[in-house]
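Have a look at the structure below before the remarks.
When the chains are written out, they are named A, B, C and D in that same order, and each has its own residue count from 1.
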Amino acid sequence: MRLDEIPDDLMTKCDGCGALLVTKSWLRDFKVCSRCGHHTRLPAHERIELLCDDGSFEEWEAHLAPRDPLGFPGYEGKRTAAQLKTHLKDSCVVGRARIEGRPVALGASDFAFMGGSMGSVFGEKITRLLERALHERIPAITVTSTGGARMQEGLMSLMQMAKTSAAVARLQAARVPFISVLSDPSTAGVQASFASLGDLIIAEPGALIGFTGARVIEQTMKIKLPKDFQSAEFQMAHGQLDMIVPRAKLRETLAQTLGLLLD
Amino acid sequence: MLSRWLPLEKPLVEIEEQIEELKRLAVRENMDLSDKIARLEDRKRAAMQDIFQDLTPWEKVQMARHPKRPYALDYIGALCSEWVELRGDRAYGDDRAIVAGLGRFNGRAVAIIGNQKGRDTKERQERNFGQASPEGLRKAQRVMELAARYKRPVISFVDTPGAACTPEAEERGISEAIARNQLVMSQLPVPIVIVITGEGCSGGAIALAVGDRVMMLEHSYYSVIAPEACASILYRDPTKAEDSAEALKITAQDALRMNVIEEIVPEPLGGAHRNLGRMCLTLGEALDRALSELSALPPHELVERRYRRFRCLGAIEDYPPDVAAPQDTPGE
Amino acid sequence: MLSRWLPLEKPLVEIEEQIEELKRLAVRENMDLSDKIARLEDRKRAAMQDIFQDLTPWEKVQMARHPKRPYALDYIGALCSEWVELRGDRAYGDDRAIVAGLGRFNGRAVAIIGNQKGRDTKERQERNFGQASPEGLRKAQRVMELAARYKRPVISFVDTPGAACTPEAEERGISEAIARNQLVMSQLPVPIVIVITGEGCSGGAIALAVGDRVMMLEHSYYSVIAPEACASILYRDPTKAEDSAEALKITAQDALRMNVIEEIVPEPLGGAHRNLGRMCLTLGEALDRALSELSALPPHELVERRYRRFRCLGAIEDYPPDVAAPQDTPGE
Amino acid sequence: MRLDEIPDDLMTKCDGCGALLVTKSWLRDFKVCSRCGHHTRLPAHERIELLCDDGSFEEWEAHLAPRDPLGFPGYEGKRTAAQLKTHLKDSCVVGRARIEGRPVALGASDFAFMGGSMGSVFGEKITRLLERALHERIPAITVTSTGGARMQEGLMSLMQMAKTSAAVARLQAARVPFISVLSDPSTAGVQASFASLGDLIIAEPGALIGFTGARVIEQTMKIKLPKDFQSAEFQMAHGQLDMIVPRAKLRETLAQTLGLLLD
């Protein structure tokens, strides 16, 4: 639905503060609440559209599809449902794009596809993205929104952590920049691999970022964690982030930072 | 006494107790009970065969977590003629859940890193059950970089239920530490041999498991998630861990089939803890063979092959044109 | 109002207040007081000359600590057309006593690190008075390594009464962090230009001051120890700081004579805080000249010269045969 | 005085616990108290004797003597007094030695000479030691006992921190080991330069190790610090040390560790 087709009185309720927002304005604000600043999760293709020059995105590896290496109970069905819902083959979209004219290799995960989890296809696509960035010597950018490794592919998922981390190592050794953007949520196996290895790490305000889920820690340790535990702001205070950048500024920040690294 | 043994070992332990009893009796009463004892020994052997030849995945998890299972320092003590433990990350602390140091193994100087669990309650807490905190992984990284500088190969003993699950680990960047270790290991210009000796669970395991050769002891397990945690998510019931252990394909045999490891190191009948000497003999041979082969490769070749090793892993519909598919298609 | 000014500025501030008063009067009463004002302006200029041409070392210390003295972010804001601050050490925290980031200076992309003091009470505490904790120095190290990877020169603004003097800094290895920064800076394969803008005191200063060119602003100071601390030790009386400032030879002029710095950057009459624009013009020219010269050198030559630069420093009876003595014998 | 010339009933009072110890045994224990384990500070030459093979030490750069670059009040007198007391020209002794047959470059500071402080001569000698170790490709070992940089040489002392740190950087880049041994006390400017940069860092039990003195922190922060603050054991718990090794074991530990790094 195009912005000019949305009636002026259609409203959207903010997940953050519950305020009723005019849908058109909310969309124009990139799905950020004008009251409380809540950043709604973006599907991969909206994220890509937001970041790159109009029409500049050329998808890579769209043909890659997941298999069921373990014959894991229920995986087939969950995957198919996710595919029907998102029109994606798996939880990650990668390709070439331009940001303010500069060619980049850009990847984004889609939380709506099985929690944006990283199985073989996600890992393979990120690895190919990083390898192509190296080959073409263009900076790589990933935007994560993920619950971590995909349980249903078992060890195959765990291996994607090593695979993508190794690909980052090669890219950085070749002095090609890699910027990791963390959007809500960025946790577990993805956060503990390539997403934590950016030359620069940028988060969206309020994004949940961590390794072990707060609930698991609370149950295991029998403690109560503060409300802002593992928020982007918490991670900034603990030295894990370079910047917290609101969505509206993300694209220009990426362009400027790449310019400072490369020009 | 039985609490130190697994339920699956119960028949075995009962026979063993009978043998002990007969032996004591023979001495006390000065009787010849050797026939009876021999028959019990036969029964014991048969029971062992019976129990251990076909463990279920969940039983393997139990074996991997066996309270008597040998830990990194047990292997190091048995395999190395010299050992100097190195401590600290030089920035925050010394994590006792990780051991790191320099050792001499079969005449060869090596660096060793590994998880270390505790044997009694106090040591278990001190070692945080083998769950590494960021400073432990950073200690391992420091020692690996030292190894690279002085061209020592690295042996990594993996045995962990996962990385530290504490607010402090999150505050000090456990994600970053796990990620960084993988990055560093992927580029380290010396041979790296991984041995999963017990539990190889989740990010805490892969943080120490990027290497040229990955071996698993016969009754260890390797998994992206703890079976209990998987059951909580999958069946909303952590007690269904047995089913999820099955579903996750976490045995050494599964990992070998998926090309995730190169080698299964056989354990003595009854498991590593029943005969540490024999276990170390077998493991020592496997390690020596791997180190000898890998040491013949020039560093850049080693690093390139290591990259390709992990690069090939994944179950997807379409293999990349520039990467040869492994001989056995992974995951089938 | 006077509390924001130094005692030595008192005559000046009094004249300035009279000028302000006359100007207000002229407007209010519609009188022509331009003669009177011009005479006061002359007096002010004369007073400035008088006060600032020959500051004692202790007065220089006061100037370096002036509450209105420009800090790193003031210089960055004025000198850079773009600026992106980078935060965090990726391991423990983000130390606000240190700023680090990427900037564009005269069209050239550079990395900048520096101490940052706070302007008001709250910010002073947040910035810990410009005293770096280990995580701040490690942030600077991370950004310098990033600069090296992408071949950006480094500018370092030093302005610190010393490293953080807290138990936490000791716990997290402030010694190691100071030492490591010097090691990393000594080998960094990109130009490094140091500007001591205010206080260049002790280990906290040298941790950010290993470079190819070291400049000092005219009224900054550079010392192995704070004058007060020296007085405590030397005279058992911290109030004798004036004497120890004298004894320690801490002015830019002393440092230049000892070959510890290459250049004194003149401040506008009355000090950097009286004319930030003019100060930045002069400083910008000096920085640009230094960066242009250094950028012409190949990295290995740069690093070699940097090594020799520090290698030659020291006052000893016998120079090493393999190292040329500096033209002016240091320390005389 | 040789050991066999000391009468059997001559006693020495332990600085740690106050116990009266038979001098002969105490000396045989390398000046370590058999009751409380207190390690008495060793003069540089005794330290060297303790560590290296009998008669293997060949001193380097013994001719280097300090000057008075600032004309600092009282420096001349203090230095002369120290020279008379210690029979050293300055606070640091360096040279070639053998440890269990292996050639090493060995340096030790002497606390009795102006608190083992690092001025130009100390810095120059350590730098030459590290440079010669690099040139001859033999491992370097330093044993520090020092209060830090020497105030009386002002900036010249501060520069020694950068100079020695740079020399360590070169040695390590050339893959020649450097082991730093910290004995009581190892603080301030020395601890914040080469002494914290060893491939391996070993401390003696109970040694005071830190940057800012505890008294200064207490006065500045208006707090009371625990008794073990900045002890070797404290530094070990905070990740700054590889090992704490009692004096009697130091030599064999050094030999073994060097063997593991090099053979």
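We adopt the following convention: a residue touches a chain if its C-beta (ideal position, glycine included) is under 8 Å from a C-beta of that chain, and two chains touch if they have at least 3 such contacts.
Since this is a predicted model, take the numbers as computed values, not measurements.
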Completion exercise
After discounting subunit B, the chains linked through touching read one piece
Problem - Distance-maximising chain from subunit B - centres being C-alpha averages - result: C
Practice task
Check A-B against A-C and say which one is joined by more contacting C-beta pairs.
Solution key: A-B
Problem - Inter-centroid spacing, subunit C versus subunit B (mean Cα positions, whole Å) - result: 54
Fill in the blank from the handout: Per the C-alpha means, the centres of subunit A and subunit B lie apart by a whole-Å value of 33
Practice task
Averaged over CA atoms, how far is the centre of subunit A from the centre of subunit C? Could you give it in whole Å?
Solution key: 41
Handout entry: Per-residue multi-chain contacts in subunit C, two or more chains
Key = 90-92, 172-173, 176
Practice task
Specify, in ascending order, the residues of subunit A that touch 2 or more different other chains.
Solution key: 238-240
Handout entry: Topology of the chain contact graph, where touching chains are joined (line, ring, star, complete, other)
Key = other
Exercise for the section: Please list, in label order, each pair of chains that touches. Expected result: A-B, A-C, B-C, B-D, C-D
Fill in the blank from the handout: Residue positions on subunit B within touch of subunit C in the complex are 90-92, 134, 138, 172-173, 176-177
Handout entry: subunit C - residues contacting subunit A, complex
Key = 82, 84-94, 102-104, 109, 135, 139, 146, 149-152
Fill in the blank from the handout: Listed in rising order, subunit A residues that touch subunit B in their complex are 63-70, 72-74, 119-121, 123-124, 127-128, 149, 151, 153-163, 165-166, 168-170, 173, 188-189, 191-197, 209-212, 216-217, 220-221, 223, 225, 229-230, 238-240
Fill in the blank from the handout: In the complex, subunit D touches subunit B at residues 172, 175, 177, 199-201, 236-243, 253, 256-257, 259-263
Fill in the blank from the handout: Listed in rising order, the residues of subunit C that touch subunit D in the complex are 163, 165-167, 169-176, 178-180, 182-184, 186-187, 202-203, 205-207, 209-210, 222-225, 229-230, 233-234, 247-250, 254-255, 258, 260, 306-307, 310-311, 313-318, 320, 330-332
